[in-house]
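To keep things simple, chains are lettered A, B, C and D as they appear, and every chain counts its residues starting from 1.
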Amino acid sequence: MTMLSVRGLHKHFGGVLAVDDVGLELAEGELHAVIGPNGAGKTTLVHLLSGALKPDAGVIVLDGRDVTRLAMHRRVRLGLARSYQITSVFPHFTVLENLALAVQGATGHDDRDRARAELGAVGLGARADDLAGALAHGERRRLELGLALSTGAPLLLLDEPMAGMGPEETARIVDLLSALKRKRTILLVEHDMDAVFRLADRITTLVDGRVIASGTPDEIRRHPEVRRAYLGEDGPR
Amino acid sequence: MRNTLYIPLQPWPTLGVVAVLALLPLAAATLGQPFYVVFATRVLIYALIATSLNLLIGYGGMVSFGHAAFVGAGAYTVAMLMPAGVASAWLLWPAALLAGAGFAFLVGAVSLRTRGVYFIMITLAFAQMAYYLVLSLRVLGSDDGLTLGNRPSLGLVDLNRDTTFYYAALAVLLAALAGMRALLNAPLGRALHGIRDNETRMEAIGFATYRLKLLVFVIAGAAAGLGGGLLVSLNGLVGPNLLNWTQSGVLMIMVILGGAGRLLGGALGAVLLLVVEEAIAEHTIHWPLVIGVVLLAVVLFAPQGLSGLMRRRA
Amino acid sequence: MPLSLIAEQLLNGLQLGLMLFLLAAGLTLVFGIMDTINLAHGSLYMIGAYIAASVIEASGSFLLGIAAAIAGTALVGVALEMALLRRLYQRSHLSQVLATFAVILIANEIVRMIWGSQPILLNMPSALSGPVELLGLRYPAYRLVVIGVGLMTAILLYLLVNRTRAGMWVRAGASDREMAEVMGVDTRRLFTLVFAIGAALAAVAGALLGPLLAVQVGMGDNILILAFVVITIGGIGSIRGALLASLLVGLLDTAGRAFLPYLFRQMFPAVIAAEAGPAVASMLIYVLMAAVLYFRPTGLFPARG
Amino acid sequence: MRRLISALLLSAMALLPALTTAWAADKVKVGFLSTLSGPGGALGIDMRDAFLLAVKLNGGKLGGLPADVNVVDDQQKPDVAREAIERFTKRDNVDLITGMVFSNVLLPVMPTVLNTGTIYLSTNTGPEDYAGDKCNPNFFAVAWQNEDIPGAMGEVMNQRGLKNVYLIAPNYPGGRETLAGFKRFYKGKIADEVYVKLGQLDFAAEIANIRAAKPDAVFFFLPGGMGINFVKQYVAAGADKDAKLFTPGFSADEDTIKAVGEPMIGILNTSQWAADLDNPANKKFVAEFQKEYGRLPTMYASQAYDVALLVDAAVKQIGGKVEDKEALRKALTEAKFDATRGKFRFNKNNFPIQDYYLREVYKDAGGRITNKTIGKVFSDFHDVHAEKCKMK
């Protein structure tokens, strides 16, 4: 069953076409990665899908419903949540309060038990009562992910969850995402090629705002244009 | 579990303050100084108004530079209804509250589309519109304002007695503070904190931030409108001066002096400003200079205001 | 409605608009470059007017008065910037509003201490106190001079901002502060300079309007709000926006006061017209501002993307 | 929280010194509330100076009792005035209140004054509200009824054959009553009737409209700085060559003349008083005022001076027993004193019955620009609202 279906998405800033006729299909339970060099339009795509930006043209269908013009918070309530590339948490709330807020936002209910469950899932159980502003970088990244998870949304847009992390922290996120696989549908934007090829069911490659290839990890690995786009540039780290 | 945002109730100090406030008219009567009962009533009403602005500035992060307009909306509503034959405070004061809420809804619906400086400026613009509207409309008294012959009646108790009015105002203020505490401790209050902390992220976890902010804006406008209604009932007159932009500035001063984002910040600020003014205005016509210097010092060196200072030492 | 009346009112609107521009220019630069709301700008206007009034009374020379106002107010501006504004650049807008509101209170009282509560009524230079014939229209000579000076200052400022090196820094600073710093601009000195220029322009407006209005405590409080309306409509940080919005506000306000009551009398019964005309006229520019912000939340010519 | 309590207690203690001022007998306590700052401030300052001068010339006494005059600035704001009245009546327990300049300040606060049974003596405005059926035994208008002086000017303009007059006044009770008074006597056509905001200082738009309306003459009532600016700008626009200016005495007082200068010459105005009125009280007043303050007194000054003389006479008559409000009121209504304006007595509504003069601004032999009395318009004039007053 199709969870998310995107057709003909366009967005330009001034004269620059940031997203150019992008189409995507995400099946339920799929982990779909979007890769591409810097400036390929990956984050813009996340902004468009989450509702932070409005597209100039194109249609976004979530679970059979056209959400193209809906505000961000409406999409969250319909089951589409996102995380941010640059950590964006609530520094004056405790870790648990952060997650409880996300539960409240998506469901309208103040459900501490659910928040506590997500706390365990992102491995921050020991820091429940610490202020989010006091967390270390890696912990903040996991809280960032936890906020998206706590909304309970079946579809997650994760914008570079491993950005700026050391190998140990990266491994923790990879484990976390593997555990989530099949439970949630995930669109993963990521630079870490090892992680992407390990986790993804399908991969879409963006270059200059356009989709140049889409397929299984194996197909993408062999795709000539992908190889060209990545040669010497931003190869697997 | 730790709850950083919960505002606890401290029963004994609270009772103490309430007792002092409740005995104040008695003290004034003993000293033969009924004037100070009226003065204290005015302070209580301004405490209510400043508290409502504190909800916006201190908790909602909405720096409204037009709060006087909502006070005016409530005041003018009472001043218009009374000559039309409505005498009961049970009708007049809720009407003032609704007028403040209604006007705040209109202003908020438009203003909350903008951010930062532009929000400050557009709320100012709406307040100026209201100011010039009452200034130029004869039915609203234009320059002269409106005068009431009597105070409204409140059923069995006689508001024309200063002491009675004082207790009525005290009751309203206490109810408003209790209501605000309940609101802030409720999920809505947490959402408000979240918006102040990180508004974009609030939308990304499913909060309709615009609607929440508008709701809070309307609540604050309602409280300000009620304050305006009380003020005109007390004074028996209202003029365009009440809506002047400097009046909005004075309300902001109260909030920052008392401590923005503290439950009692607005009330403390109102007490501080008005008492200082009353104490020094008799002695020098240059009293705004003193207020200015104090304000400057607070902004530069104690941005948490008076309650911040007290908390730091406590 | 006679054509000469329309022409005369247009000139009146132009005069108001240009004076607003002198005030708004400094305000929008400070706002745009330093991201700082400066309510005390109206106080600088007042101080300029008082210095001008004092020097004119003492010396009898109008030009000397204006020169003294410019120099004196620029100095006050520099002092204010170095003593206070500097501490506020990194603070929230709320802190800026309140701190500069405090400056208004303080400045008003200091002026009251020095010059007293009574307005100073300044006379126009006698050579300019009559009317001049202008294409069959009799117009006050002094107001024409005000228009002329306003236009000249606007052109000078435009050249300064668009044609000089300092102007380039200013524009760079207004659109991207970090970039300006990377380019090696000494932002501290630049800020002080911009503040001094803004103060000087406010002083020119204060000195020129002194004889037309009255030099009195608090004279800057209401015109300050008009200047804020102007820069908000024009787009904060944009000199071009400030100029266009000044003229727009000046013309709209004058036209509203002059023609709206007349127009309403044609359209509505006299009772309603007498009430509604002046009411709408006085609210007109605020309605314009709210409408502009509704459709363009960052003004007509935003300096920043 | 404990600190909050101590803060409250501290602030209560800060108020204590003010609490102790009240009691002290054997004094006449006068609350002098007036507009001392802003564009209307010159008027209040003149009144205050004249009132204090009268007290000083009287050895610091009124009616034989030491006078305690508490001067407060109302900033031309009703809410400020209202708070001052509260202090006067509830804290200081004054015997009399006087001094207000503007009707839009006086009217909103007058119910408070009268409700407490305090006597108010108006040094200036005499609003219709208290002249007719709502006349009040505690309200004394010592200057004039608002319609009197403009009415006299309406009469003058009839006599001069002016047929098409343009009217301009501020939009407040004093302004509206002034034009109403003018229209009650003036018989010609009205070119237009324009109300501006009280305190407006730039009249460019209005002057252009006046010129376009092509009237025979302009009757303007713009008190204080407003009038000064209006005349200056009117002359600067050259409009005086087409339509001459006429005004009640308020806008042709000595302060205005001094500020405007030459352009004032020739302006006709009406008043109940003039500096050149030939009576001993006035001669003394004008001379002493000039000696004390180095400037010519205005009609406002004469009015406040007369109030002081009236109080002095009334308190003397009742032997200093100011606590006896009834006796004091009666003594006031009988008003036995030599006013600077000459003949003066109260009508049954406690408004004056007096003469009104026509004055012209001219340059005297010494080159000084001032007013000259050129005729009497009304003799023993009773204001038009008195009939509706039920008192006595």
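We adopt the following convention: contacts are C-beta pairs under 8 Å (C-beta built on N, C-alpha and C of every residue); 3 or more make two chains touch, one makes a residue touch a chain.
If you're wondering where the values come from, they're calculated on a predicted model, not measured in any experiment.
Considering every other chain in turn, the ones in contact with both chain A and chain D prove to be B.
When the interfaces B-C and C-D are ranked by C-beta pairs in contact, the top one is B-C. For chain A, the chain whose average C-alpha position is most distant is D.
The distance from the centre of chain B to the centre of chain C, each centre being the mean of the chain's C-alpha atoms, comes to 32 Å. We define each chain's centre as the mean of its Cα atoms; on that basis chain B and chain D are separated by 37 Å. If each chain is reduced to the centroid of its CA atoms, chain A and chain C end up 50 Å from each other. In chain B, 135-136, 285 are the positions where the chain touches two or more neighbouring chains simultaneously.
Within chain C, residues 112, 117, 278, 282 each touch two or more of the remaining chains.
Listed for chain D are residues 73, 197, each touching two or more other chains.
If you sketch which chains touch which, the pattern fits none of the simple shapes: not an open path, not a single ring, not a star, and not all-to-all. By the definition given earlier, chain contacts exist for A-B, B-C, B-D, C-D. Across the interface of their complex, chain B is touched by residues 31, 37, 39, 84, 87, 91, 93-95, 97-99, 101-106, 108-110, 112-113, 117, 221, 225, 228-229, 232, 236, 275, 278-279, 281-283, 286-287, 289-290, 293-294, 297-299 of chain C. Of all residues in chain A, those touching chain B in their complex are 50, 52, 71-74, 76-77, 81-82, 84, 88-94, 96-97, 100-102, 104-107, 110, 112, 128-129, 131, 147-148, 150-151.
Partner chain C is touched in their complex by these residues of chain D: 36-39, 41-42, 45, 73, 195, 197, 201-202, 204-205, 208-209, 211-212, 225, 228-229, 232-233, 235-239, 259, 261. Those residues of chain D that touch chain B in the shared complex are 1-5, 7-9, 11-12, 14-15, 18-19, 22, 73, 77-79, 82, 86-87, 90-91, 103-104, 107-109, 111-112, 170-173, 197-198.
Those residues of chain B that touch chain D in the shared complex are 10, 13-14, 16-17, 20-21, 24, 27, 31-36, 38-39, 135-136, 142-145, 147, 149, 235-237, 239, 241-242, 264, 268, 271-272, 275, 278-279, 282, 285, 306, 310, 313-314.
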